[in-house]
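Going in written order, the chains are labelled A, B and C, and every chain counts its residues from 1.
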């Protein structure tokens, strides 16, 4: 029994930490703060989540609205980012001309573009997808570019030595070699995309988790606010796990995940 | 001049010129897309009236307070987490939770807690930066090559000397990486918080301009934020390369 | 006397140096290799022997001269697949199993898949890797990776095998075993081999003929026929003729190194 505890001290510590934290949070909320417009106990959050999920069902429209915006923006950035990244890797001219704009768009706090995109695309789905897209596309693009660039020189020589066609070189060597990089770009894009969803739904939305959080903030509805934040966190974790699975399936030769 | 730099400049000039021409020829008013010249005019007007300076200073101040507080607390905390396994295990679930929640969603909560003044923005910057700093500092301390520690033992370095001469320099590049990641995200956070509720700062200006349909002002703010992003990113990247030239850093 | 299968005529390669002047990597290479012959090229580091091997394979274009294989002049990487290249780093694609790595050169050449598969298996067997077909490169030792590398080059059934210091990254013991393996495989396949190495003993043990390169720019300094009978094993290393040739070659390379400014400059 003792041995069992020693072997799992890491897991035990983590569970203890979570339990202690939750108890502390509960104590803080109910005894010290004791103001539900300020902080509520984790139990209140759980019961609110239960209510919104199983009694009123009011969480679902928000969940679906956010998921769609996220998926469209994310897929669009893959469709645009990967080929553009490859193109930049193959053509120095394209790279040099695109580079300054990319640096600008990438390093600017994305939220600055939200009002501009709203102005151009209206408050419909277009502007929301565009904001998510703007968040996701650069990590994907940069990683695709980088993955293509760092392909081992000997692999390219190998292809030439075996007289492979250009298409075969791309399909059999360059593409699989850059796959781990693209996947890690997808991972980076995940968090940025969710942030994008939240930003997008602050502006003139009528549904979505971002809207839920925003509205709850304006009306000081702390339990709903916590439910919304938790839902975002869970979406991130689930997305991350899905990507990890894809990574394991797509790159079985990898023993560890690149960062 | 290097070819890639020349091409970059050409690219920027061509787009700006095309934008100016299109805006003058085809756009009736500058609501949708003010011409660069209009943006520049608006910029000077905002500078002359002192409005821009006031908002810029407000954002900078919030940023500086939050960032330095995060460095003061985050780096030692991350270092301790890297050194002591139990602390790492106790902190990890909470740090991971903070990390996996999009920062933006917590902003309304922080505003409820800390009001619409400067403090809530400082807290936002602090929260974002400290997570990055703790994670990266701890990673830097944890991933130190055991060989270096053996070398310090074999040369009989004291605990303090090992910390000061081996562990900290080894972790330094990681710490700077944490700072770089922190700066970008914190800038986003502070603008978001100002946009949501405040009476000063660039985020406020963004909201104000978009609510009053003042497109030139909106674009001035966007360009200014872009400049801030590029400058801070470039500075930290330079610092990163100087401190750890052997380490490959992000190209962008 | 078998006819020559590979003919290098006045082959040279130069690139633009840092100050704009031409920088000669190797020049005036004239070499004729018989079918089934094992020729080693030795020389000091940086003498251009590896570059020459790449030029022969068409990976890099020559500045002047001709490469004639089996009576036909070669240019670039067009044309038929006449040469197999064994890379210094094994250059195995990490996402392909051993079998699929060997198959890389066989795919899309009008062979039906099962035929190609059988061929790949046959050569994996030959290099002693039966049973490792489904292993990924990271699951193989350095020596095994080089065996796959060799099998891949053999599987395209080339006329000539070009080997670029294939054992350089292996430890001394594995290296010796691999040399013996290569002797066995060569005796079974009777391929023509051009083998680049910087290890004199390795060159003598394996070859019919050893070509010594001079230091930069690389030229053929001298050629030696190896006067040892086959089949050979490690005992041949203590043979009087082996030791004599090793000493002669060593002195020659030492001269080249001295002419280049000493070992520290290499």
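Remarks
We take it that a residue touches a chain if its C-beta (ideal position, glycine included) is under 8 Å from a C-beta of that chain, and two chains touch if they have at least 3 such contacts.
On a predicted model such as this, the values are computed, not experimentally measured, just so you know.
Taking the mean of each chain's C-alpha atoms, the chain whose centre lies closest to the overall C-alpha mean is A. Across the assembly, the chain pair joined by the most C-beta contact pairs is A-B.
The distance from the centre of subunit A to the centre of subunit C, each centre being the mean of the chain's C-alpha atoms, comes to 49 Å. Separating the CA-averaged centres of subunit A and subunit B is a span of 18 Å.
Subunit B and subunit C have Cα centroids lying 53 Å from one another.
Shared contact sites, meaning residues of subunit A that touch two or more other chains, are absent.
Residues 152, 154-155, 157-158, 160-165, 168, 172-173, 176-177, 179, 251-255 of subunit A touch subunit C in their complex.
Those residues of subunit A whose C-beta lies close enough to touch subunit B in the complex are 9-10, 13-14, 16-18, 21, 37-39, 92-93, 95-113, 115-116, 118-120, 138, 142, 146, 191, 194-195, 197-199, 202, 209-210, 213-214, 216-218, 220, 222, 225-226, 228-230, 232-233, 236-237, 240. Contacts from subunit C toward subunit A in the complex involve residues 54, 57-59, 77-79, 81, 83-85, 87-89, 91, 93-96, 104-105, 107-108, 136-138, 156.
Of all residues in subunit B, those touching subunit A in their complex are 3-4, 7-12, 15, 31-33, 86, 89-94, 97, 100-109, 111-113, 184, 187-188, 191-192, 195-196, 203, 206-207, 209-210, 215, 218-219, 221-222, 225-226, 228-230, 232-233, 250-252.
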